[in-house]
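In the two complexes below, chain A is the common chain; its partner is chain B in one and chain C in the other.
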Partner chain A sequence: MGRPVAILGSGQTVHGRRFDVSYPELVKEAVDAVFETTGISPADIDGVVFGTMPSMMEGVALTHFYFADVLRSVGKPILKTETCGSTGVSLAITGYYWIASGMADLVLVVGSEKMHEGDAQATMTTVLEPFYQRFFISGAPGVFSMQSQGWTVRFGIPEDKIRAAATKLSIDHHHDAFDNPYAHIKKRLTEDEVNNARIITYPVRLWDVCPTSDGACAMLFASEKAAKKLGKKVAWVKGVGYSGDEYWFGDSDKAEWQCAISASRQAYEMAGIKNPRKELDVAEVYNPFTFQELLFYECFGFCGFGEACDLTLKGVFGRDGELPISPSGGVLCTNPIGATGLNRVAEAALQVTGQAGAHQIPGAKTSLAHAMGGVVQFNGVMILGSEK
Partner chain B sequence: MEKEFNTFKNVIRLPHKYAAGPTYTKFYNGLKESKILGTRCPSCAVTFVPARSFCPKCMKNLDTWVEVAQEGEVQTWTYAGKDFFGIPGKAPVVIVLVKLDGTEGSFLHLIGGINLESADTVKKALRKGTRVKAVWNEEKKGHMLDIKYFAPLSKKR
Partner chain C sequence: MADRVGIVEVAMTPGAESKDNFLDQVFRTSKELLDKAGISRDEVGTVVSASSDVFHGGVSCASSYYWDAGAAFLKNASRQDGESLFAFIYAVMRILSGNYSTAMVLGVCKGSENPANDMLTHFFTDPFYQRQIGLNETVAAALQKREYMTKYRITEEQCAAVVVKNLGNALKNPYAHVKKRVSVEDVLASEMVMEPLRKMECAPKSEGMIAMLLAREDVAVKLTDKPVWFKGYGSSMDHFYLGDRDLLNGQLGTAAAKAYEMAGITNPKKEIHVAEICEPYSFQELLWCEDLGFCDRGKGGKLIESGATGPGGKIPVNPSGGVLAHNPYVTRGLYRLAEGFLQVRGQAGERQLGRKVTTALAHGTHGFAGQCHAVVIIGK
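Moving on, here comes the complex of A and B:
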């Protein structure tokens, strides 16, 4: 199982259209923030983990080289991890492995994206093979919409019900974002505005989709020894899980989505979680699309298959519900892809250390962070706790 | 974010020439003759279409070729009303995952021959299980889009 691993703290930038700074300056903002928050000296880190979405997004390859100085990585080992949307949780798991293995005591983990500088849709097209499938599923919304449609039909969910549940999630998350100082889109929406927004790819409408954001997130992962030396409240990694599908879209069942199921079960088993809805106090679910968020509740065992819409409409997953989901506003409001998954881990850590501010879930002791990537292909889950 | 500074424009153009290999080449050549070719796994007996060179489950090389049916069933679909990068042709388009008869369903393509005016008009013509048939372009280039689209066989549900 490896050694216990702690998270000492995080630094998130404000997200949005960040043409006020160059890309290295944006990354520096997050890195400076994590060192300032924790009081750790950059000289004390043993190594650096960095990642973004595919480098076509940046137009600069080897971004870990581009940012070598601001990452304080000169003279130290540096690893790059890149799994598209799930990059952030992959980064956190890479940092976790490094500490758990005993090969390092203090690792800086950073993810970033400056999406307004490039073309996210075109970049995601390059994730697909050029022979059979690229023509038809370039970009993100199409595959997610087909996944939603498959799920809706499988469980016989009436269209008005799934629409109502998705609308509730959209209104709640855009409202939650007001309490998150780092969030990008903060908006008070009405049911009519969400229901009648223009269709992106049916059934997904404008307010069902995340924005493209510029932003970065930095975190410090540490051994028990380094955590004790710090002498402050830290979050502990209780479980990790990561799982992927076959390559070809169509080979795997995306409705009862095996890699989402198995990533969560790996993490639950490691953390000793039997009933996630009862045992988790808060979850930061990767929710770039409202419809997909509902599907994740079911794959993660927060409820049975076909139940997510009803329970969402009853408020089970709201801020004051049994298991609050993404009180930060989540990916739906803020999506700097390479940083997005790490933001989930950072938020989950803030929650179990009581530092989430206006969107703190009172008394949260156990939290879940999740990210999804590839071409609806990868899922990563990390469980954090307030005690070792 | 109140103040924005200079920006610097840059376009990177990276031409590639992808080797199709024997399997993809044979599949594309089949399209030129209005044939849809698949490969069958000797171990699990699954027929993959478009043709693949190995079975992802059994890891057997696939060299048993079969001409598959040009009709099948809609598995799932989506409607895009506006153009986006990489879209096949011009919006509106309907992207569909089709299970061709006798094969495993991983055939992505377009839907045509129906009213594409809005998601509502598409919903009337299409759902999981709708029977569809390949409609070919006159001119063949050895390309996935030699098939113009898949069209529903009838409006019966």
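Moving on, here comes the complex of A and C:
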């Protein structure tokens, strides 16, 4: 493998409906924050990795031009990595390879989205080609609901059990978000409120779905040399994995989801992880939909297939459980698409460096960050550790 | 760097509109590459593609559409937006990281399935200040050309000579889109598109699917007896607003300096044997030649007049015909590199240069008046 790669720090914006700033100002907020947190000067970076949702959701194409100045990229090389919803983790992976290749010592990695300046569901519908699929899959909830239904049927999970597990996740995550100063939706919900919320696409109800958020995230990836120079506690990249399956929705098995299984196994193998539930201390799973979060537990090997609901109801994946999932409140509470995956990596890095504040998992040494994208097509995973 | 990365093989489609289905084109190009290199898809370590949603026929998240057609099914793969040389260097990084011994680079752009380039480049503008005035890549280039002509007394004839040379060179390139024998008079008689730019001085809109196989040194020498080695890379970004920039002294000099340093090149005029430059507008070839150190500042016009950049000259530029002859927006940088690869290998067919070619330069640019540049050096 290549040279060790460290994460020096991160900067997240406050997420929400950010009509107080323009889109470039929003990106600047995250970039300024990471330089301030780490004390590193923009002049010292060797290059910039940037990405958003690939389509021009905010009405500007090839946004690395528009943000060239706020990204502090003038006079420097840039890479523009974009892989739909999984962009955030793909950005982090790009930062990893750039440093690991030996071609740079310090790289700024930034993801952003200002979703209230566009129509996210309209855009996501156009990920589907115009001839066969676009007519009957409306936005993200349509495909994720189909995936959930397929999974429920495959493993014969009773409807009330899956509802109960999803409700628990919704209540817990919306509550967790109070501890995350950057989170968008923070709410104390009751079981009745979640169970009786209006249906978005059956079986997904309102509180099973993420919001659309404005936000940006910036991180600094560095070589061992640059990390030592900083002289502070840093997170180390232990493993990366990424995988994608067929474009056509019907061609692949979305319950025992091959690319989710493969992305996580690539990362585990690189990090030397054999039993993820035991060896991971915390995981930031990309959970825009409660039902899908349950499916990821199984694909990532946190439990066997068909077991996620029971274990969730037992509290195995809660804040005080064996493997706490998304203590930040996760994507369910905050979803600025191009930044969302990078937020997961930022949170995973905060956890292993003991800087997660009110939602710190005590003693966390190994963490997982994940992002998913496409018409349920892509998964990216990164494992971080407190030691090199 | 511990290891060397070699280019093993390349496959590409011609630039004219093809009636072939998009996914068929991607599949065939990928398949042709692997067949030529004599390896199976399973043996490819990683795939990095380049594409842009706006240059993608109305399907968002471009890479999801061609993911499996482009050999990336269940692979650790990624995608770059805007500039295909970004995909090349990212694939190089992946190999240098020690995680992969082979990487496929894929560039995807089916020009015939999306709107005019200027309509699309118009969306690079910010929505508040620039969009209302109709700014696009051609408008920005026109401003740049006017400044270039005024400041350095570059003549219309010198700019037209680039078109004459490149479209003439393209006659020998089976992959080029526009190819013809034209005169300076023909160019100057063509319609004024955006003063002072005439129609023939602006690149067409083309198709271009291209795939390239890279490998770590030990694997490259097993796959081919003619690997061409990656030697250097430099890229640099300029300010967004045109008013904040010096359009005649942009970031190409910075990008080139980095690439030369990495490749150990101190005298580009002598050490670069062929340059494939991204010139969507005639005069840009002259200006970029200055930035690359092929002549002094302001002397780009004299350089082409001297014949030095012709196929028989001291520093041949765009023997393929360049971007004026073939402009698949996103993949045009990778096409430049492919030509450099074929020239170094001595496999450029009728357009093979008569001189010895051991080192080639490929350049890609995208954005207004060259907001972003990338330079790759390859050689024996």
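Note that the second predicted complex is superposed on the first by the 386 of 388 C-alpha atoms of A that agree within 3 Å, B and C clash if a C-alpha of one lies under 4 Å from a C-alpha of the other, contacts with A are read in each partner's own complex, and residues count from 1 in each chain.
Just so we're on the same page, a contact is a pair of C-beta atoms (placed from the backbone, for glycine too) under 8 Å apart; a residue touches a chain by one contact, two chains touch by 3 or more.
Since we're looking at a predicted model, the values are computed, not measured.
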| item | value |
| --- | --- |
| First, second, both or neither for A:Gly139, with chain B first and chain C second | first |
| Partner chain in contact with A:Glu82 - chain B first, chain C second, else both or neither | second |
| Of chain B and chain C, the chain that contacts the larger number of chain A residues | C |
| Chain B versus chain C as contact partner of A:Pro130, first or second or both or neither | both |
| First (chain B), second (chain C), both or neither touched by A:Gly51 | second |
| Contacts of A:Gly59 with chain B and chain C, given as first, second, both or neither | both |
| Touching partner for A:Tyr247 - first (chain B), second (chain C), both, neither | both |
| Touched partner set for A:Ile93, first chain B, second chain C, both or neither | second |
| Shared contact residues on chain A - chain B and chain C | 59, 130, 246-247 |
| Partner chain A, residues of chain C touching it in the complex | 1-2, 52-54, 58-69, 72-83, 86, 89-90, 92-99, 120, 123-128, 233-240, 244, 251, 254-255, 258, 366-368, 371-372, 374 |
| Residue ranges of chain B in contact with chain A within the complex | 1-5, 7, 10, 12, 16, 18, 20, 24, 50, 52, 56, 75-82, 84-88, 95, 97, 104-110, 119, 122-123, 127-128, 144-145 |
| Touching residues (chain side chain A, partner chain B) in the complex | 14, 16-20, 59, 119, 121-122, 125, 130-139, 141-142, 145-147, 149-150, 153, 198-203, 246-251 |
| Chain A to chain C touching residues, read off their complex | 1-2, 22, 24, 48, 51, 53-56, 59-62, 64-69, 73-84, 90, 93-94, 96-98, 100-103, 123-124, 126-130, 240-247, 258-259, 262-263, 266, 373-375, 377-378 |
